Amino acid sequence: MNLCGFEVGLEQPFFLICGPCAIETEKLAMETAAQLKDITSRLGIPFIYKSSFDKANRSSHNSARGVGLEAGLRILEQVKTEVGIPVLTDVHEDTPLDEVASVVDVLQTPAFLCRQTNFIQNVAQAGKPVNIKKGQFLAPWDMGNVVEKARAVGNQQIMVCERGYTFGYNNLVSDMRGLAIMRATGCPVVFDATHSVQLPGGQGSCSGGQREHVPVLARAAVAAGIAGLFIESHPDPANAMSDGPNSWPLDRLEELLKTLTALDQVVKAQKLLENSL
Amino acid sequence: MNLCGFEVGLEQPFFLICGPCAIETEKLAMETAAQLKDITSRLGIPFIYKSSFDKANRSSHNSARGVGLEAGLRILEQVKTEVGIPVLTDVHEDTPLDEVASVVDVLQTPAFLCRQTNFIQNVAQAGKPVNIKKGQFLAPWDMGNVVEKARAVGNQQIMVCERGYTFGYNNLVSDMRGLAIMRATGCPVVFDATHSVQLPGGQGSCSGGQREHVPVLARAAVAAGIAGLFIESHPDPANAMSDGPNSWPLDRLEELLKTLTALDQVVKAQKLLENSL
Amino acid sequence: MNLCGFEVGLEQPFFLICGPCAIETEKLAMETAAQLKDITSRLGIPFIYKSSFDKANRSSHNSARGVGLEAGLRILEQVKTEVGIPVLTDVHEDTPLDEVASVVDVLQTPAFLCRQTNFIQNVAQAGKPVNIKKGQFLAPWDMGNVVEKARAVGNQQIMVCERGYTFGYNNLVSDMRGLAIMRATGCPVVFDATHSVQLPGGQGSCSGGQREHVPVLARAAVAAGIAGLFIESHPDPANAMSDGPNSWPLDRLEELLKTLTALDQVVKAQKLLENSL
Amino acid sequence: MNLCGFEVGLEQPFFLICGPCAIETEKLAMETAAQLKDITSRLGIPFIYKSSFDKANRSSHNSARGVGLEAGLRILEQVKTEVGIPVLTDVHEDTPLDEVASVVDVLQTPAFLCRQTNFIQNVAQAGKPVNIKKGQFLAPWDMGNVVEKARAVGNQQIMVCERGYTFGYNNLVSDMRGLAIMRATGCPVVFDATHSVQLPGGQGSCSGGQREHVPVLARAAVAAGIAGLFIESHPDPANAMSDGPNSWPLDRLEELLKTLTALDQVVKAQKLLENSL
């Protein structure tokens, strides 16, 4: 599949979706985008900038939700044109999809909404590639039905993304088998190393997270074999507006990506044995 | 709390939300409504008729979705006025809420959408009592945050509903502890005995279900202590448009309710010990 | 099935297995046994006294393990003959089974050991009724194989006991469906309301527990329909040697049992609907 | 830690525990041992031969259990002396430990038995290195207590082994975070790629398995960072006496190990980022 000008798939190096969880300020967005562009260029990693204009499903209604649609899109457009990189954002049940699609290169749908037929089809119809996050309640083989819904409206640029599966209360587990199982959809499989280490609702009125497991799960997923990787990174995670506890420090990103790139090369240098048994 | 003219809570007999999963035809709706009114009148059970005009989150986009908004509301209105019973229906991310709220007595929000802040608040703002289904991925104590969102827009008539929790792949488990834990929200707690026995995605392109566990779980939940009970019932479950495998046969409903009513009386005849340790 | 002189099964009132988790002192054992005999006599509940001489699988090797085999059996014998009630104790991988079987009326096997073929068969061969606890990792339908192992050595007096199923880390869930599913073994099904509310390993070097959920789960299980109920009770749970956090206060037991007995009568007054669909 | 003459740990290449699940015949044992020695020598992988003389916890008592203690030990001794490789076998609740310890180089304890204090301490006291499999019901941080029990009797050569965690009914999940978490025990962490793809009880009277996920999980675990890897391999898995469905074909082992070795080198070439946050 061609995505934002680069080929993606299990025969290609993994592409990276990365950025701060939320668009906090224009300054933060522009600076992180530039830094991420530098890092990924040095490492030869195809890169898409990700940031959210609205956190629409926070644990508590008292939590900050972000800069909003208008300011958010303006900033993403600036990132796109001035830094010169493709941008992705997530859309919600009431987002004006055409407006967002007119700016961003890739749309992303939230895990909680993966079963809403109209929503998935409306997003797919906006004519942009879509990264569909798998619900925390959905078996990997059940993504086939979700992908079919999206393709049924004519969009063939669909990605599927694992972000952790419900594991008792206030915890998620990343089943690495699922990354292989979802290849059957024919879509590029993406692993979200950030939300997979979330502890949903784990801090009472907001979700906790375990940043220290990001490199563990990212290495595991790359070695399992994926087309793309999703990591949220922030220059100051302790003060991030959202998802700080599971955000990866920007100044530690390059060393993480170096290892991941080397692992990716090893895995993709030969055929995946699970496909030839 | 007063709901549709009857008092509900742990000091009152349980109220029943019941009907065929989907509004299939006017005839089916009117006939089942009349029968259900008869049965519940005989047993002294406060009753709200439930049926859906749109199945908005089916496993596959090839499955039937229902009669649609216009026909659905017309039929629900007919049930309400001609049979003389309150009616409930579920709304979705793109439902015209005011239109639905102008007809039905109670709105219900789907489990998958319980974390969508705007959606929950929009539904709560429609000014009707709301039955909020707990997500299959949400710990019982995390419903506190959800209820707060709904109350924040001024609606005090909120119910919380357990409908099974993610338990490995393609299965749900009903944690009876959760029914007691959710009392801390201050809301009437409802147990959905129908969707709790769903096997999500269990039949490939649609969900399976285990009807034989409906009485087991309903008895258990009533004995655990609940304000309300939700059961989908159909005169011919094998040919139901939706959720047939976990639908309860209408001709077996009265005997089920008799046992449940007797259990309810026993439990509510004395103080719940868990509250006085 | 006849057990210790009383008939047990879904057509009979539930029998109760109860006592302090561990045999702490002769005094505690004799006093609790006498009190429990009084309470259950008043309520007409067939009763078996339970207490352990050795806690063989504690979280940490620093925790107290009990009075040991010799003193334990002496005390159980005293309870049996002086109070005049049948007694049950649990045995472990290295327990001298014949010695224990010469004293107690019922043997119990620990959940962790339910898959050890030799152990299960050795216990079954000791010639006493056996209460086999289902592993925290075993599906209810998989108890069929376990029961077959026990019956294969000629023991037909086998009971199966639910005590909670692994649910994420450090938590258990009680699947009430399992109580109905295990009826297919042909064995009386027992629900252990004490260990089902354990939080395994939840306090670092020992397990935690949620005593407040004992009545909730006990009511639910009795209403689901069981042959027997297992509850550990202690006059001073806060100072119990073992399993204090999930032990039920002895002075609150009678009111709990009253409700449970009334629920049991309601459920068993008619046919279980799940059996006649 | 020094194990069988080679250093093991996160600064060393992973060591491999491998062999057919059960000792079926002397011929099979000698042939597979020789082949495995060849393969691992070529790849520079420290190797320990594994095979079981008794399958003591099979789903059904009708399943084959193996050649038994006497024949098993004779064959393992032959493998050890004639092929010249260290051997490991698993012991059970009633195994004569000294007899086994007089032959094998490493003892292994079954997952189901990880909480049996006496058993763990008896095995540790036999004076050989011990590979302790983590129970399918035990959180990774709770292995600390288990290791302490083993060390308390004076054995410092303890390994901890992940083999999948209970995930709903008849399924296991491998939480890669657990591999990092168990490093806190100070023990070499081993990943069992064979039993992690077991479907417990999944075929009615025996467990199923998903051999195709062995390479996926093995790659993921090696990339997460482990000291040792456990894989059962058989020249003819379809006809293996035990665990065939999750056994890896011997003729595909070398290509699998090549990839794993390359991944291992990448991961261990730099510091693990999770340790320096």
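So that you can tell them apart, the chains are marked A, B, C and D in the order they are listed, and the count of residues begins at 1 in each.
Please note the rule applied: a residue touches a chain if its C-beta (ideal position, glycine included) is under 8 Å from a C-beta of that chain, and two chains touch if they have at least 3 such contacts.
Bear in mind that the values here come from a model prediction, so they are computed numbers and not experimental data.
Student: Would you mind naming the chains that touch chain B and likewise touch chain D?
Tutor: Intersection of chain B and chain D contact lists gives A, C.
Student: Could you name all chains that are in contact with chain A and with chain C at the same time?
Tutor: Both-contact set = B, D.
Student: Note the rotational component of the Cα superposition from chain B to chain C, reported as an angle of 0 to 180 degrees in steps of 5.
Tutor: So the angle, rounded to a multiple of 5, is 180 degrees.
Student: Going by the average position of its CA atoms, which chain sits the greatest distance from chain A?
Tutor: C
Student: Counting only Cα atoms for the centres, state how far chain A is from chain B in Å.
Tutor: About 34 Å separates the centre of chain A from that of chain B.
Student: What parts of chain D, by residue number, touch at least two of the other chains?
Tutor: Expected reply: 165, 167, 169.
Student: Chain touch graph shape: choose line, ring, star, complete or other and state it.
Tutor: Basically all the chains touch each other, so complete.
Student: Contact residues on chain D for chain A in the complex?
Tutor: 165, 167, 173-177, 179-180, 197, 210-217, 219-225, 249, 252, 255-256, 258-259, 262-263, 266-267, 269-270, 272-274, 277
Student: Can you tell me which positions in chain C touch chain D when the two form their complex?
Tutor: These residues of chain C touch chain D: 56-61, 65, 92-94, 112-113, 115-119, 121, 135-142, 145, 148-149, 152, 165-166, 169-170, 200-201, 205.
Student: So in the complex, which bits of chain A are touching chain C?
Tutor: That would be residues 167-169, 171 of chain A.
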